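These are the structures in question, set out in turn.
Common to both upcoming complexes is chain A, partnered first by chain B, then by chain C.
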Partner chain A sequence: MAPFPRWATKTGLTLGSIAVTMLGLLFVTFMIGRVMPVDPVLAIVGDRASQEIYQQVYQDLGLDRPLLVQFGLYLRDVMQGDFGTSILTARPVAEDIARVFPATLELATLGTLIGVVLGVPLGVIAAVRRGSWIDQVARVVALVGYSMPIFWLGLMGLLVFYGILGWVGGPGRVSIFYDGMVPSVTGMILLDSMIARNWTVLRDAFSHIVLPASLLGYYSLAYISRMTRSFMLEQLSAEYVTTARVKGMSERQVIWGHAFRNIRVQLITVIALSYAGLLEGSVLTEIIFSWPGIGSYITTALLSADMNAVLGGTVVVGLVFVLLNVLSDLLYKVFDPRAK
Partner chain B sequence: MNEAHHGLRGWLLSDAPQSRLQARAAALYLGWLAFRANPLAMLGLAILVLLFAVAVFAPWLAPHDPFAQDLANRLQPIGTEGHLLGTDSLGRDILSRLIHGARITLYIVGLVALIAPLAGLLVGTVSGYAGGWIDMILMRITDIFLAFPRLVLALAFVAALGAGIENAILAISLTAWPPYARIARAETLTIRKSDYISAIRLQGAGPLRIITRQIWPLCISSLIVRVTLDMAGIILAAAGLGFLGLGAQPPSPEWGAMISEGRRFILDHWWVATMPGLAIFTVSLAFNLLGDGLRDVLDPKSEK
Partner chain C sequence: MTAFSKFLSGSALGLALAVTSLPAGAATPDNMLVIANRIDDITSLDPAQNFEFSGGDVVGNLYGKLVNFDPLDLEAGYQPDLAESWEVSEDGRTITFTMRQGVTFQSGNPVTAEDAAFSLRRAVKLNLNPSFILTQFGLTVENVDDMVRVEDGKLKLTTDKAYATSFVLNCLTANIGAIVDMKTVMEHEADGDMGNKWLSTNSAGSGPYRLVAWKPNESVTFEANPDFYQGAPAMERVIVRHIAESATQRLLLERGDIDIARNLNPEDIAGIADMEGVKIGEELKGYLMYFSLNQAVPELAIPEVRQAFKYMVDYEGMANSFLKGQYTVQQNFLPRSYLGSVDENPFSLDIEKAKALLAEAGVDGLELEIGVREVQDRMEIAQSLQNTFAQAGVKLNITVGTGAQILGRYRARDLDVYLGIWGPDYPDPQTNASTFAWNPDNSDEAQLTGVLAWRNSWDAGGLTEKVEAAVVENNREARAQMYRDIQAEFRETSPFAVMFQNIEQSAMAADIEGFTTGAAITNAAYWNVTK
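Showing the complex of A and B:
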């Protein structure tokens, strides 16, 4: 008999492979940092420093040690949540990220919500009425979503809904007038203004987030509706559905009570993946809408050669991405007894 | 044999091909017939053929020099005399820039579509054929690259390599190869144990010969489908990098960079950013349509 129960071995293996993936992720970012054409010493001491100071800092940073040792030092720092100091903001990168990340999270969460609320029913209806006009519409909606440059759609949205119609707020999270009016508790302006019971700010913040969130929601909808449709088609062609119909069960009961119940687990995986995709997709959206999230942070840092900030941001986004993937895997295993 | 089947068509549709060439040509022709029945896929193909023609004949088609500035005629609206799609902030003709930009788009897409699948094919087949610890290490590396969000990884790569169109191509390729490696490995695993591979091995063929001559040709068709479906993503990624100022550098008429230039005037002079966006959308839509059509023809397992 094996020394460990099967589930323990399995969990160990899963954790091990996650650890290896994360280690690899850190190694890749570390290497990118090493080949960057930016001299980290010069960035700190400035170009008027003497040779002695330069050497001093060079050694302090551990740049004279072997590459593997340097990677070890980098790992140690990252484990302690230390990503170095940003040149641009002169603050620790970790602190900066903690400040900007909630903004991205808020945007991506609202986007995913929109995608799920509209995408799932659309996918189900498209599968049930296969070949009908609504199926064609769903197909076109998804195809257009896959083919549209998100930053361009954002610009067009701003032009039409802000510039011409004036229905929504412009770039940024709130109008400048309301900036800083509610204390930051969660870092998410919608929640913060609710906590502060400041309904004016809430309304203003909502008018700013609704457009970028709808855009992200559209991308999420394109993916979720396609996946829902194909999962549903698979279920609807199964024999138990025919049996249920033969028994005289109502169509509504067959679709929602039987077929839909069976795709819930697969849907969770898809939604988690699309959520992770939106965290990434928000990079370009944030720039268009001057949204102060992690995407804006990374790209601003990139354009001003702020190496620590770029790498820190990349690592954090990568880690969140991996975690969401693992989470969707776990949920799948927990909810679907067949996956055990 | 049917009376109607004469000449080339009869030769192609023959039930009993006389040569290997005829059999291959017949298979291709049947695939084409199936593909032709799909109007959307044909539309995609037509758009791409048009794009290719525009790129090839750009200097003759463009009414103006794409770099010629004319500050007296800056930001002219659509339909201006001599400037069908208007002019940008430096008075350059937008239509001419779009036409020349088609070359850049094809250049990027062509190179990425060559580099990424080849790299994936190499890694995947070696991994699948060798097995054991080589397989384990290569697949771990693949997983690590898959774990990164693609755009963010490409951003970091461009930051390391420096902005520019060649580096953008390299960065996109570096983020695009892992799915190809997975596909190639899966194909290799199914082929590896087959009798004909054993037969060749008994004849004294080495691993290199088996992989390049026997395994690669069988992986190609699934890779081609995947490449076509990925093209739209590649175009969007390249445009995104261009938009961020990390891809093609000004004054290059790359479509993403053109949107970025037009962004500053979006509320007053909407056409400057709108036109290149429409071009990107049309081309990536065409690739998606073509990819869907090809998948239906080449991969009978896929749901329609």
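Showing the complex of A and C:
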């Protein structure tokens, strides 16, 4: 008889694998940060600093110690929730991430929603009407989504919908006049304005997020619709679908009740990957739309040798991937009885 | 299938309706100034620590100083600010400041000589990046309480030598000379940091504005100080928003969502220049673009070779093409508008002359590595140099890296040629003279990594003594002449080819008046702005 119930063993194994993954991620990122040809001391003391000040900071940062000792000390601090202080913002990295990650989460979630809501039906239709005009349209939409530089598309979107037509808000999460008008509870301005019941700010925030989210949604849509089409084509050519049709089932039942049900598990993986990709931060989108998210935070930190910020940001991104993996595993069990 | 089509059409229609019903942008309110700028370099707003370009603009609007510049008359030089007047002792080592009466901090506490003494002592004791601006006067952690003291309600500042008064006062106009509210700051002291952590994200000054919020990489918000001793600013609220992209800044300005765009590239400036309701402001800044030759490379240490390189640069060609509107030709180490600055630019592209000088030096087939940061204009300049150097028979290999990578090698004397910019630290000629033309010990062991001459292994020879003499010359005109002479010699003999001085172009709404970026000598000022 097993010493622990099955669920406890499984949970323990899952948590153990998360811990090992995170430890590996931290170790690799830390080591890359230390062997990179950038100088974190120079980033702190500045170009003009004397050698004396340079040496003092070098020692203060513990850079004169062996790499493994440095990593051990860093790990000890991380375990206590201390990711160190960012050079660029002079604030604790944890505080910075708590500020920038909700901005990305809000944008990526809306982008993924748009991608899923439009991409999945488009992929299904394209598969069902293979070779028809709608399939061709879906193909072109996906191709444009894959090949168009997001930087260009973002600027054009801003020019047309904000600059010329004035249909949407400009760069930033909210118009300047509304900045700081609702207290930050979740860090997500749409939710915070709902909590504060400030509908003016909500409306304004929506006008600002709709364009970048649609842009990310479009890229997500391109990927999801192509994958959906491919999965559906495989199912629609299977014998059980022919059997179902011969038995006189309606097309709706054949497509939704049988073929689509069988691609849900694969779709979950595709959607989770797409979502994780957006949560990692779409740097260019964030730059064009002046969206203070985690992508631009990590990039700016990396270019400035702000290694505490880079490490903290990487841990969060890694955690997102791990958690979405766990979530995918859980959803597999819901949709696929064989996985239980 | 019909259901799918209906769903798709419905989704598209819903999205379209939602989008089309959104409001268009509105113009900024009359009492609010909104500026788009790149502010991702700010690391702290404590005047004792802040040493970045955009952070300087913030601090400059929050604090008063003993002496300061009048933003509307920068040519006039330093003027009384929180110090009403000053006297210099006979031995020239002590300046006694009489404080302006009736001025209060935003907390309501009066501004006193004690606050001024505390602020200067604090800056020295914290010993952070800009502290050298004060410690160069012989102030140390150990002696600063004696050297900076209050007697009879007046502030006395004693220096280790009799420096030129203009040098000392010019340095006090730098942000490290900001006077902070001692009582408020010390209420927020933690672990003996003299309030450094708190002041990094808050303000405690008597300037025209108080800090409402600084959100890193996002925005800085100011609120007017109604009790500002020069009168309450017309702009009651100022918001500086971080907008990295030039095209985005332009769009915001065109839509009326911002009043001033500070980082437009030449294409966007050209695109907006003739637009109704927009005007372009142009000011010379203090940053100099230069390249330098490492004297540890034997061929580069030959005087004729150093001269030759200065004739291998297409100064006018670059300034009139890809640098148009961003840089103007300047071949001297003092930016125009500095005391002692000159306009003489004797070098121009002359490949034949360069070849003749190289031949005279017996140098042929030279191959060099140039280090440059991954910044667009610098990479373009490096490419232009590569092209013109090749015409003279010098092969230039370009190494591009991050600022930290390239600077690290430059400070280690590891590059043959370095291409970069230099910005003055304070508005006095000594700031550049003491780095370009002063090097008291050229040995590797000296490790004078902050000195540009040392980084290029250049023994500045007699110039070192001349720089030291200029900084103690009390006659302003004589001092200015000394810097002119130093620069004349520097142009001919140094391994530095100073090429350009930076211009800042700001596009703004036509109704904006009184805005200045501070030109080459100080920070942007918002308190005189009206619209």
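As a working rule, the second predicted complex is superposed on the first by the 272 of 340 C-alpha atoms of A that agree within 3 Å, B and C clash if a C-alpha of one lies under 4 Å from a C-alpha of the other, contacts with A are read in each partner's own complex, and residues count from 1 in each chain.
By definition in this document, contacts are C-beta pairs under 8 Å (C-beta built on N, C-alpha and C of every residue); 3 or more make two chains touch, one makes a residue touch a chain.
For clarity, every value in this text was computed on a predicted model and none was experimentally measured.
When both complexes are overlaid on chain A, the residue A:262 reaches neither chain B nor chain C.
Of the two partner chains, chain C is the only one touched by A:167; chain B is not.
When the two complexes are overlaid on their common chain A, residue A:298 makes contact with chain B while staying clear of chain C. Using the contact criterion defined above for the overlaid structures, shared-chain residue A:207 touches chain C, although it does not reach chain B. Once the two complexes are overlaid on the shared chain, A:280 sits against chain B while remaining clear of chain C. Of the two partner chains placed by superposition, only chain C is touched by A:176; chain B is not.
In the superposition on chain A, A:158 makes contact with both chain B and chain C.
In the superposed pair of complexes, A:51 makes contact with chain C only, with no contact to chain B. When both complexes are overlaid on chain A, the residue A:143 reaches chain B alone and has no touch with chain C. With the contact threshold set out at the top, residues 37, 155, 158-159, 163, 287-288, 303, 305 of chain A are in contact with chain B in one structure and with chain C in the other.
The touching residues of chain A, when paired with chain B in their complex, are 17, 20-21, 24-25, 28-29, 32-33, 35-37, 143-144, 146-153, 155-156, 158-159, 163, 230, 233, 276-277, 279-281, 283-284, 287-288, 298-299, 302-303, 305, 307, 310-311, 313-314, 317-318, 321-322, 325.
By the touch criterion stated above, chain C contacts chain A in their complex at residues 1, 3-5, 7-8, 11, 15, 18-20, 22-26, 28-29, 32, 34, 40-41, 43-44, 51, 127, 129, 132, 200-201, 212-213, 215-219, 221, 239, 241-245, 247-248, 251-252, 254-255, 257-258, 401-405, 407-408, 411, 425, 447-450.
Residue ranges of chain A in contact with chain C, taken from their complex: 37-40, 42-43, 45-51, 53-54, 86-91, 96, 99, 117-118, 121-122, 124-125, 128-129, 155, 158-159, 161-163, 166-172, 175-177, 179-180, 203-204, 206-207, 210, 214, 251-252, 287-290, 292, 296-297, 300, 303-305.
Against chain A, in their complex, chain B makes its touches with residues 140-141, 143-145, 147-153, 155-162, 232, 236, 239-240, 243-246, 256, 259, 263, 266-267, 270, 273-274, 276-277, 280-281, 284-285, 287-289, 303.
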